[in-house]
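Multiple structures follow.
Shared between the two complexes below is chain A, which has chain B as its partner in the first and chain C in the second.
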Partner chain A sequence: MAVAAAVLVAGLLLALMVGRYPISFAELFSAIAGKLTGHAPAVPSTIDNVVWQVRGPRVASAALVGAALAIAGTAFQGLFRNPLVSPDILGASSGAALGAVLGIYFSLGVFAIQALAFLGGLLAVAAVYAIGGAVRARDPILVLVLTGVVIGALLGAGVGMVKYLADPYGQLPAMTFWLLGSLASIGAADIAPLGIPVALGTLMLLALRWRLNVMSLPDEEAKALGLPTGPLRVAIIAAATLVTSASVATAGVIGWVGLVVPHIARTLVGPDFGRLIPATALLGGGFLLLIDTLARTVSAVEIPLGILTALVGTPFFIWLLASVSKTWS
Partner chain B sequence: MLFDRRTLLRGAAAATLSPRLARAAVTDASGRAISIPEEIKHVFAAGPPAAILLYTLAPDLLIGWTRSHDPEECEFLGPGGCDKPEVGRLTGRGNTTNLEVLLKLKPDLILDVGTINDTYVSLATRVQEQTGIPYALLDSRFDAIGPLYRKLGEFTHRQAQADDFARYAESTTATIKGRVDKIPEQSRPRVYYGRGPRGLETGLGGSINVETIEFLGAHNVAAERRGGMATVSVEQVLAWNPDVIITIEPMFAAALKTDPVWASVKAVQNGRVHLSPRLPFGWVDFPPSVNRLIGLWWLAKALYPEQFPEDLRPLTREFYTRFYHKTPTDAQIDSLLTGRA
Partner chain C sequence: MILSGHNLTIGYRDRVVGRGLDVALATGDVLALLGPNGGGKTTLLKTLLGLLAPQSGEVRLGDRRLASLTSRQRARLIAYVPQFHVATFAFTVEAVVLMGRTAHGNLFSRPSSADRAVAVCVLERFGIAHLRERPYTMISGGERQLVLLARALAQEPQFVVLDEPTASLDFGNQGKVLREIRALALSGHGVLFTTHDPNHAMRAADRAYLLRDGIRVGEGATGMILTKAQLERLYGTSVETVNDSTGRTAFLPG
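After this line comes the complex of A and B, so read on.
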């Protein structure tokens, strides 16, 4: 765990040092020192701006989004007792995507687009839960997952419809870029709307860590241990959804992180959620930080995050499927 | 009954005779030979660039627009601009027109203006085979607006008017190009073209979005890569440090004035951020049609203020009167030129 934390800190520093705007280590150091000591920085204001307004927020949000998606993935995988579940299983990403493309369609401002995406994610999951809960079934978890898949597909059709109606010269490219996921436009003002829900959801999940352990047992066993599985499930889903919606609203749709990172963490620290949640947060943060650093430095043109994570995630997923078929059956 | 039979006979005669007797063979921009009727009354515009082009030359022939216009756009459009139905688009990024609806509209000609490539050629050929309606493709390249109008004139049998439009386009581009060519290399600004809600989408080198900027010999900072549209990071724009920023996003232009991050960019410091007019059609890139002609004056003035001292108001009035068939008021022109209208 200490190693993972050290790796993340080193990654943060490294990420702060590289970028398309050339900044030397000395300049970076004095910009940070200037801010910390409260003196006027001894560097040109452009460099101060790049460090504190552009690169800093971006590095911080990459780590936050990565951590958030990984935590949500861990919680959902535990809750649904399925290693192939990702944070968008209950439709959070599809709902957020629909909210965002609607915002772009109506030419709203950036914050309104993000707010719509956030609300879209929350509403989608609330709808899935309400519908899934209304269906009386022997296996409520399975019903919930299936409802999530179906509602997700419906919302996907909604996204398609809005894209179809959008102005092909102005709005359509903006929607496409948003759906591919990117942190290119992150500024200092985005940190609070991202950080607060993520922190809130993470704290909720950390507080529930022991119960999450029990919840990943079959329902009857959890009930036999005296746990109120229904309310707990709501709490866990709410926390994970808060975290997922906030990150999708800020960064667009980024797949794979929430699917792949929990597995790596589990092989490192074992299945206990008390250790697993901090470990996935560190690993997820570090992973997306690395990906985002590549996305913004490799070329003058940004590489969408969704594409890079898929390039890394797909081989891993195939490997996972191969090993799952050996051990989980 | 007799009447019905006569109508039927007349219809059959028209169907069999007219293709042979009253048709002219022409070649479109892709080199396809198409035969068009002697008389053209209704033309279906397959996409926004075609609709705008046709509207400027012959609003009476236009069956409808690909989408209906907002009230603020209608303020700048004359007859035919807002009293025609919405008929969808035929090619490009997804059809929204049903072929049966198209047949019901009975166009004499389908017109598409855009990039000429195999995809569009095969689409055109296919629709033409399915419907039996001649389908003409024209090239939307900005430096070929003259030939574009002449071809359209030939297709619609309005050669004389088309020639007027072509000469206007050619003399405008020649006048501007003539002055720009004399400007030494070092006086040509480095330009960033910002789109999207945060202004971080830009046109790469050779993209249709920056065609007029590059036509004016300015250096597109994003031209180190070639292609279409792409997202860039703020850091990258700061590193480019462009002399001029051109945008069509009012929100981005407003944010540039207050955002500390952008404050160090040369264009912002020197007050060279230009918000493009956008009514009824964009002045820089979208749709990529003849609306960019008036935009060329505006852009030239933004890039080279010394070489282009002209007052844009009379030029705008003349262009709008001639191309959009409605003379805007002075107040309209003033608000248009601020880009906010």
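After this line comes the complex of A and C, so read on.
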């Protein structure tokens, strides 16, 4: 847990200090101290500006998005009893992607695009849940996952269709950029629409984290141990979908975080969700901060986040698979 | 207290598995459920556990209908030891046993020190306290069965229902589990278990309930009901009986 917290703090400091306008630790410290005490900061206003106006919102949203995707991934891995599940298993990402490309296609404003993405994510998961619930089967979890795969493929086809119809000079690049994930255009105004749903969903999952252990057992065992599994499953899916949809609406599609971070956290604190949920939130925030700092500093042109997380995530995941697969049987 | 089923029709949405079943189990008593595969043993077990609603008839727990209890109330009275425990995550043995305390807290509570004390107590009862920190996925099949028994007792129930507790265990561990079943009855629990081996019923149960094609074909004290004729009829195969000088009986199939 200490390691996870340290990664988040290191990520925060690094992200605030590194960039086209480097800031030293002392300067950062006095800029923060100035803000906290309410006195005029003892640093040039440029530095104050960079910390609070330029990097601040981006750093905050990177931490929020990373924490949200990681915690949603952890909850879904428990709920679906499968360590290879990621937060978009029920179609949250593909629903949000379709919402966003439709918004871009109809040349809507930034907030309308985000709202459409958010709604798209929620609606996709609601549809998957409704269809999965209507199909009666012995294993409701399996039906739910398969429905998610099918609906996700359909939504993917929808995204392809909209891209095919889009204006190839203005809209298509915007769609492609959004689908690859980026925090480059984040401003202070984005923090509330991202932060409020993420905080709500995260608090809910934190509150239910001790029950996630039991929810990761077969349905009948969890019932026999005294849990109302049906309503509880709805609550967990709703919370995880809320944080995923809010993240994808703000930052675009960023894969791998929700899959890789829970595994790293499991090697640090073990599989018990009581400790795992807070650890993944901290680690996810730190992980995406480091990735985002890389994305904007490694070359003159920003690298899309989705590409970097895949570049970092793939070899890391293979290493994990080879070395610590015993931590999940 | 008595756990009882009255004139039960059991089965799933599209399929009736058993009809006209009456069954009763008192605390301190051990009942073995015997019968061929597909005869409805597991379905009857799940119905008595409240995991599956009967299509007609009712299950009662004392003077209350089982269906009127919340899952939390039910879990404080009846514990379930499943046949296979498919573990996805390598929880520690202690974490698995603590899951038995779920019904003693609310939806948001973390395990209390009292819960941990109960967990240590049941682990010691089964002599597996030394496995506390071990991943549940890395212990032997026999140890795993004892951990699931410990988890059931951590629920502090009146009744313990076990689905083929001796299947997939080696000879030594079968004996160990049968002894623990007897011990559960001595500590005042009502125990219901299914088994494929009539000798296990002879060894651990007070009464046996014979189920074939969803119909009760016999019920009674194990010494009375478990006979060569009954077993041949139940399984549709010839059975040999072995007697020793003290009058005890064992059965050999074929």
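In this section, the second predicted complex is superposed on the first by the 299 of 329 C-alpha atoms of A that agree within 3 Å, B and C clash if a C-alpha of one lies under 4 Å from a C-alpha of the other, contacts with A are read in each partner's own complex, and residues count from 1 in each chain.
The rule is simple: a residue touches a chain if its C-beta (ideal position, glycine included) is under 8 Å from a C-beta of that chain, and two chains touch if they have at least 3 such contacts.
Because the structure is predicted, anything quoted here is derived from the model rather than measured.
Visitor: After the chain A overlay, clash or fit between chain B and chain C?
Guide: Aligned on chain A, chain B and chain C fit with no clash.
Visitor: Report for A:Ser185: first if it touches chain B alone, second if chain C alone, otherwise both or neither.
Guide: first
Visitor: For A:Gly226, select first, second, both or neither according to whether it touches chain B, chain C, the two together, or no partner.
Guide: So A:Gly226 only meets chain C here.
Visitor: One more residue to check, A:Pro168. First (chain B), second (chain C), both or neither?
Guide: Only chain B; A:Pro168 stays clear of chain C.
Visitor: Pick one for A:Arg20: touches chain B only (first), chain C only (second), both, or neither.
Guide: Only chain B is touched by A:Arg20; chain C is not.
Visitor: Angle at chain A, chain B to chain C, CA centres, as a multiple of 10°?
Guide: So the angle at the centre of chain A is 140 degrees.
Visitor: In the superposed arrangement, does A:Thr267 touch chain B (first), chain C (second), both or neither?
Guide: A:Thr267 contacts neither chain B nor chain C.
Visitor: Between chain B (first) and chain C (second), which, if any, makes contact with A:Arg296: first, second, both or neither?
Guide: In the superposition, A:Arg296 touches chain B alone.
Visitor: Mind working out whether A:Thr37 is in touch with chain B, chain C, both or neither, as first, second, both or neither?
Guide: A:Thr37 sits against neither chain B nor chain C.
Visitor: Which partner does A:Val110 contact after superposing on A: first (chain B), second (chain C), both, neither?
Guide: first
Visitor: Once superposed, minimum distance in angstrom between C-alpha atoms of chain B and those of chain C?
Guide: The answer for the closest chain B-chain C C-alpha pair is 41 Å.
Visitor: So which positions on chain A get touched by both chain B and chain C?
Guide: On chain A, the chain B and chain C contacts do not overlap at all.
Visitor: How about chain A: which of its residues touch chain C in the complex?
Guide: Going by the criterion above, the answer is residues 78, 81-83, 136, 207-208, 210-211, 213-214, 216-218, 220-221, 223-228, 232, 266, 270-272, 274, 326-329.
Visitor: In their shared complex, at which residues does chain C touch chain A?
Guide: Those in contact with chain A are residues 13, 46, 49, 51, 70-72, 74-76, 78-80, 82, 85-92, 95, 98-100, 102-103, 105, 107-111, 135, 137-138, 155.
Visitor: Which part of chain B faces chain A closely enough to touch in the complex?
Guide: Touch residues, chain B against chain A: 48, 67, 92-94, 96, 195-198, 200-201, 204, 222, 224-225, 227, 229-236, 238-239, 248, 251, 259-261, 263-264, 282, 285-288.
Visitor: Going by the contact rule set out above, which residues of chain A touch chain B in the complex?
Guide: Result: residues 19-22, 44-46, 49-50, 53-55, 58, 104, 109-110, 113, 164, 167-170, 172-174, 177, 182, 184-185, 187, 296, 299-302, 304 of chain A touch chain B.
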